[in-house]
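Shared between the two complexes below is chain A, which pairs with chain B and chain C, respectively.
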Partner chain A sequence: MGHISRYETEVLIIGGGATGTSIMRDCALRGIKCMLLDKNDIASGTTGRNHGLLHSGARYAVTDSESAHECIQENKILKKIASHCVDKTDGLFITLPEDDLSFQSTFIHACSSVGIDTQKLTPEEALKLEPNVNPSLLGAVKVPDGTLDPFRLCASNVLDAKKYGAQIFTYSVVQSFIRAGERIIGASCLNVRTNEKFEIFAHEVINAAGIWGKNICQYADLDVQMFPAKGSLLVLEHRINELVINRCRKPADADILVPGDSISLIGTTSEEIDYSEIDSLRVTDQEVNILIAEGAKLAPILEKTRILRAYAGVRPLVDVSGGNGRNISRGIVLLDHAQRDGLTGLTSILGGKLMTCRLMAEMTTDVVAKKLGNNSPCTTHLQPLPGSVETADKQPQKKTALTSKAAAYRHGEKAVQLFDQSAKGKSIVCECEMVSVGEIEYAIKKLDVTNLVDLRRRTRLGMGSCQGELCTYRASGLFCEYGQCSGHDSSKLLIHFLEERWKGIKPVLFDDALREAEFTYWIYEGLFGAADVTLLGTAQNDEKKEYYEI
Partner chain B sequence: MKFDSIIIGGGIAGYTAGLRCLEAGLKTAIISNGQSALHFSSGSIDLLSHTPTGKIIRNPEAVFEKFAREFPEHPYSKVGKEIVFESLDWYKKILASAGIPLTHQENGDNHFRITPLGTLKSTWMSQPYIYQLPVRLEEHQVQRIIVVQIDNFRDFNSKMVSDNLSQIPEFKDIKIKNVSVSIDGFSGLKRNPCELRSIDIARILSDDHEISLFAEKLKKIASPDDILILPAITGNGDGLAVLNKLHQLTGLTIHEVPTMPPSLLGIRLEEAMSRLFINNGGALLKGDQVTKGDMAEDGDTLRLKSIYTRNFKEMPLTAANFILASGSFFSKGFKAHYNQIKEPVFDLDLNTIEERKSWHQEQFFSQKSHPFLSIGIKTNTAFNPMHKGVVVNNLFCTGSSLAGYDPIAQGCGSGVAISTGYYSVNQMLNNSGVNR
Partner chain C sequence: MNIAQNSFEKCIKCTICTVYCPVAKANPHYPGPKECGPDGARLRIKSLDYYDQALKLCTNCKRCETACPSNVNVGDIIAVARGKFEKKVINPKLMRDFILSRTDLFGTLSTPFAPVVNKITDSQIIKTVMHKTIGIDKHKALPKYSQGTFRNWFKKNAPDQEQYPRQISYFHGCYVNYNDPDLGKDLLKVLNAMNIGLKLLNKEKCCGVPLIANGFHDKARKNAHFNVKNMTEAVEKFNTPILSTSSTCSFTLKQEYPHVLDVDNSQVVDKIEYITSFLLREFMNGNAPKLKEINKTIVYHTPCHLERSGLAIFTIELLRAVPGLKVIVLDSECCGLAGTYGFKKENYDVSMKIGKHLFETIKNSDADYAITDCETCKWQIEENTNLKTIHPINLIAQGLTA
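Now for the complex of A and B:
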């Protein structure tokens, strides 16, 4: 005991969401040594808890032209460099009888002024493109919206950065900053899975922790005001729309329906919450109501479609007034604490959107690289991500019956060539999303997967219509084989996964979700006796024994 | 179509009632909509392992009267001790006649079966190749446990079984070993052998040559004093024949553990009951679903005259008496709407819970039971349900359609199914309105 591992690097990045992993890649491509730390898995915070919408910028065109401009620029870049994470579905902005049709021309004008292509459609044309759209629509405008898989984007950023020597520590938290006078020179960290302490010394530290960035600033005795806004979404059992469907009006609650692989998502609500609630988000009955009712206006079939689960994320809104009242920005907030607070060695990148993660990374890395005396230009907008390299020009098939094609879409063809090609490696574990043993082995060994929830983020295992009913048991066994887990640990991983899934099911526990939950409970508790696994080896195991006798 | 009795539902409660009706000489039909819960069950008969307050029951027979006094709303309390044990005895006899001999501890104790996660579940009556561990676990006689992993079979993981078993304090001094065994018949298949399910393996092992090759391998890894844990991978359509043979060939003490569904242990029970029902002259309407019923006033009660099904469309099925054994949510016996739970065919009165957020617990797995599992139909003591407060006098509810118990937390699902199925037929025969 007492031994503390020490690491040295040029840049320490805190936060493994879209922004943090994009900075990691940007640094690595410029030849800057870096390490990334996340308290959980990559993409496990706000990044993985939104629509996964590849904005064209049209949504913001009327109300926030700066955001709209950033979105369309990044939209074009991501389609090139992250084609394996993008589905170029296009999007519709529909006008319903209750909406003001005259808004349409304002909208089209605003779009064209920031360079977003639009195409005005008659109701008949819109219905032909998107048969499930509300047939009572008065008109529609087609824009280059799409979908963006945030898990895949983050995993690809990390994979690419590692190629250039970057390192990642997941399930690790900052406990305190290491200071030398008015300079931050590193951080004391703790791996929350192994309880091992370690220290990372760095020339520059970047706070990319999103809404949790306020906490990180507090470790440096700095005050940043953030206003968390909860956004809730519902996952539908199958893909009911091919195009993203928006309302052609000023942005409001529950007015975006986004397809994603084999499912569709309806969202989002928006509610300011207290900062103390950011780690215990709950989707309320009222939110479920609004999402179903508003979603059904976009596509009436939604009302009859099974809801798989609900989830919520937190928008990281920042107060940029500097303490004089309240001026909340939805845009990108880059804080050079040397300038702002006289504390060198720390830069915070806050606010922003999933869409602008690469841009935020470029802005941040520019500032930090200059401090390090590194003059290499940013190339993240030019170099395709791994997985996108060989498919940069041709869009991979979005849905396919073959595992290798599904996996190639997820990881790129080069990665698939590394999979175990034996009958065992090719055998399918998750039938809904066509995930093979070989792909799981690859994820466990190469993609920093430590549990079944991480595995779901990397492979979509358990994300399809069965929600991992049977396949998670099969997959948990593979952690014994490839992940050096004991049988006891792997059964705990299984229970952890099912408890995580339960969080998303509780808000929508009716109809088929309740049927399925009963089935799951029969299998895992009735047949498998799962509840007792967590008690094994604990004192509780003996304590609870109370007998009923005559 | 006209019957004396029609049973809605083809699970353990439905078959119990159906077989009892046939014994009473009634012209009987079972309407079954596909797979019952038996396809993912342990194939053991749970009698009662816990009280609704979570206390452990080691001998259900000994505490029955006390339990009935303390928990009068539990179906067992309504059926009564005598009929509960009479029904289990009867069930044991008919299953034995169908080639599945079930046994229990002579002193009436529950016993433990080993689960696929290596935990222990208390049950009461089991198939012959379930090694019955004493519920007073310190009295166990186990010396060594060998857990068999079938190579490339993902629906059973021996490491989870052995690692969790070895964490049980009473097992800390015994040896628990993991051994991989391959099945020769896997090579030469057209399908990927790594994707086989339990029923596919059962098909391979029903071949005499394959089972003797398998037996030879098992003999090399275990001796008769060991408990040999095998996943349930035999007996799809042939009951215990293959396991009996394996036992003869090896002389080993086999303990079958269920796999991920399909669970052959449960399927065996369903097949045995279904075969008996058909052989005894019952009409099995499989893959059909009841859509609605016609009720008529009968004094101050209601009477179900006929029912309609998806397959028979507008042609009514009539009977003197009906038994509802349609299960709970999974088998569509109940339907949960956004903020309300309903019995979808007859709109029978339920002991429902108003607020949706009270239907469940915070944690999925805990020692507390989920309230939705205890939701069911309100009945009188004869298990007649009510429609808008009025008793339906010739309809009887059984099994998990009944309110007032949690089959999983209280470890009583199959016991309640058998005893209420049996009891309902008694009530039906006593029913003054019986019209044969």
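Now for the complex of A and C:
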């Protein structure tokens, strides 16, 4: 470990979630040089582990009008700047026989007072809009909810920021801060994939690490109390609802059903967990049962629908009262450590929601830009993200391959034009989600993809019904071609991906998911002998050796 | 709710359907039943942008469903999607599809002038004109019409049928009515020899299968309602079984009505039966007609819809019950015609490619006849092998002693 690379920048952002990547873009657009660091891939933490709900704010209208106000503002902005990440489905807040119908008027009143459009519907009208909604509903209110794809949002933030010179380091952790007296001037980092150490010197460091932000603060000997709450969700095999369905009552468990791209999501449960558990979340049988039972109250068809997988995320709740846990905020917490702790060079942006990531970035960048003497105004609410730009002059194309249509949803039509248009480029890798060789090449080369899990976040590869059964071996081979991987390395990527898919399938291993998993196991273990790949990998250190010779 | 709507998620993507799909094998432009069926159904819920015009390349042979180990009605999913989303473009080919699928209408118009119509459609000039204008392939001979319909012939014979103690209702279908009344007449002989009388439904229309295949689902649904109504009357009045000599008509009446057209046939479905399964049961129960030896060799071809119905074994066993007959059962594979599909200029080559192996096997056999249960398989085999192809009923009628 002789040589250590050193980088210099104005702002170092720690955390590549929705907030971190939004700050990266905000800085870049204001002409501030910045670098972003994440210990994993972008959107791999809480950002990618929620409903992907484009809140209208209605859910918070009664209990938290400030959040509701922020949500409706950002809702309108995201629809404009991130149209390729947003599906304007609208949402229903339904009242079931067991709910109090009088809550409806409280709800409508609260929505109007923060500027959320509502439309009261009769049960018949609601059923016409959403045929799968529970037909025993007493009433419904329509609000401008929608869906927001967090993976696409983060990838687009990064793509745009890079265009203006920003740099990203994924799979890189902070090992310690570099200090000059009472000032943070950078961080010593380690790339966990290559084991290379490097240092980044920056005028300002931003801690946007979400729930992991507590750890980052500890590197600076600062104490922030965070209260992790686990939220579990289930992914359904296909899209069973067209509109987001909520219960018109105070927020509770498993009361939001969101149609996300080709699937639907039901969630969430809420359980306080110990901070030491944040990296080892498990979805329990009990949670699965609650989600199905409560979800079926929103849309009875859910009970008969195949469940693809389960996952859980951690809400990054912050105690702003100073450590005694009495005042836990679900809102945005911006900590200027110079003011709060007398430590300059570090700012933490914690709490908040996926919905408010752009706003959080604006608030943070405002503070940091001022310190750097940069007076450029924020423009992230005005400038569309790459992929969102060209919707106005969209021409209905006649003979477009399904993969191109699917890719246009994900990356915008301009990006699709860059794909390899040869027969090979057009051939399908992921059949469930229509991902082509060309799209994978684009993702590997342009979207900071290092493995199949990253590739999934950029393209939806392996997110469909078969959960990687048919695409994994095809896609891992492409890493040899486009990602400078050896045959053995790509086999390891294959195992890594299947293990990651397996983690989410395990909690729902019944019915068709079980049959599918069994078939997948049969292909990869029975036919390909996949388990031997890892064995050979550990037994042999000679990288040049061709392991597949018999 | 029809079955196709909720069965797609049982698919575990094993892709066996695409392996068995005759079209996917012959035509690289067809994405195959897995992608067009369950995969597509899932994506089409998200957006109709995902409707692929390639679905019209499906022949509706249902071999995908026969192959599926997960009970996914793959072919139904494709047929339903076509019915809902296929865009009809007004052009000469639409006229052709109209002509090919309106078997009732053109049968009624043509039978009175059968010799003239047959001569015209057989002329090389007309074939070339049809090839160039509406896209009926010039290599194809359109089915010949008979002079006079089966129904008309039957009117004269109906009173005789009353004398038999047992009765069945016969759904003759368009083919027997307009093209081959002899098959209906043979059936009548066979049944009478077994002391069973034959009735017709009060009225019937085309079962609807060519309409489904050409994407005219509304019209097909009208026919289905009409036929279910008439079959219900027959069952209520006479409590007879309803028999069909067409493997496809009976398949459509029983399965396509509820699965593809969303037409409830539950009150009659158990009464509808394909002829060979009815006959074999009678034979096994001791009610076989007296048959003389037929010292001939036949090759038997299994039609796709009979395969899907799981009834091929009945025809095969029935043929084996004919004394002296040497039965060679061919590999079960699609002949390529698929009703109206192979008549279309754009499908002709694929259709021939699908049937190639079958044709060669038949040509290399020393059989006296080919036997099959489906009229369109018959046309395709005769046209491409020059071997006379008959229905199992025709053969049994030959063996009757009286």
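Rule of thumb we're sticking to: the second predicted complex is superposed on the first by the 524 of 550 C-alpha atoms of A that agree within 3 Å, B and C clash if a C-alpha of one lies under 4 Å from a C-alpha of the other, contacts with A are read in each partner's own complex, and residues count from 1 in each chain.
The definition used in the following text is that a contact is a pair of C-beta atoms (placed from the backbone, for glycine too) under 8 Å apart; a residue touches a chain by one contact, two chains touch by 3 or more.
Because the structure is a prediction, the values reported are computed rather than measured.
Asker: Tell me which partner A:L470 touches in the superposition: chain B (first), chain C (second), both or neither.
Answerer: both
Asker: After superposition on the shared chain, which partner residues are touched by A:M434: those of chain B (first), chain C (second), both, or neither?
Answerer: A:M434: touches chain C, not chain B.
Asker: See if chain A has more residues touched by chain B or by chain C, and give me that chain.
Answerer: The larger set of chain A residues in touch belongs to B.
Asker: For A:A531 in the superposed arrangement: first (chain B), second (chain C), both or neither?
Answerer: So A:A531 only meets chain B here.
Asker: Mind working out whether A:R515 is in touch with chain B, chain C, both or neither, as first, second, both or neither?
Answerer: both
Asker: Figure out whether A:S491 sits in contact with chain B (first) or chain C (second), or with both, or with neither.
Answerer: First partner only, chain B.
Asker: Taking the stated contact definition, name every residue in chain A that is touched by chain B in one complex and by chain C in the other, in rising order.
Answerer: Chain A residues touching both partners: 428, 470, 515, 519.
Asker: What residues on chain A touch chain B, complex-wise?
Answerer: 285, 423-424, 426-429, 437, 470, 473-474, 476-477, 480, 486-488, 490-491, 494-495, 498-499, 501-502, 506, 509-511, 514-515, 517-534, 536-537, 541-542, 544-550
Asker: Taking the complex as given, what residues does chain C use to touch chain A?
Answerer: 6, 8-15, 34-35, 38-39, 42-43, 45-46, 49-50, 52, 70
Asker: Where on chain A does chain C make contact in their complex?
Answerer: Chain A reaches chain C through residues 237-239, 261-262, 304-306, 402, 405-406, 428, 431-432, 434, 464-466, 469-470, 512, 515-516, 519.
Asker: Write out the stretch or stretches of chain B touching chain A in their complex.
Answerer: Going through chain B, the ones touching chain A are 37, 40-42, 50-51, 54-58, 62-63, 66-67, 115-121, 152, 154-155, 157-164, 167-169, 192-195, 258, 260-261, 263, 328-330, 332, 335-339, 356-357, 359-360, 363-367, 370, 372-373, 407-408, 413.
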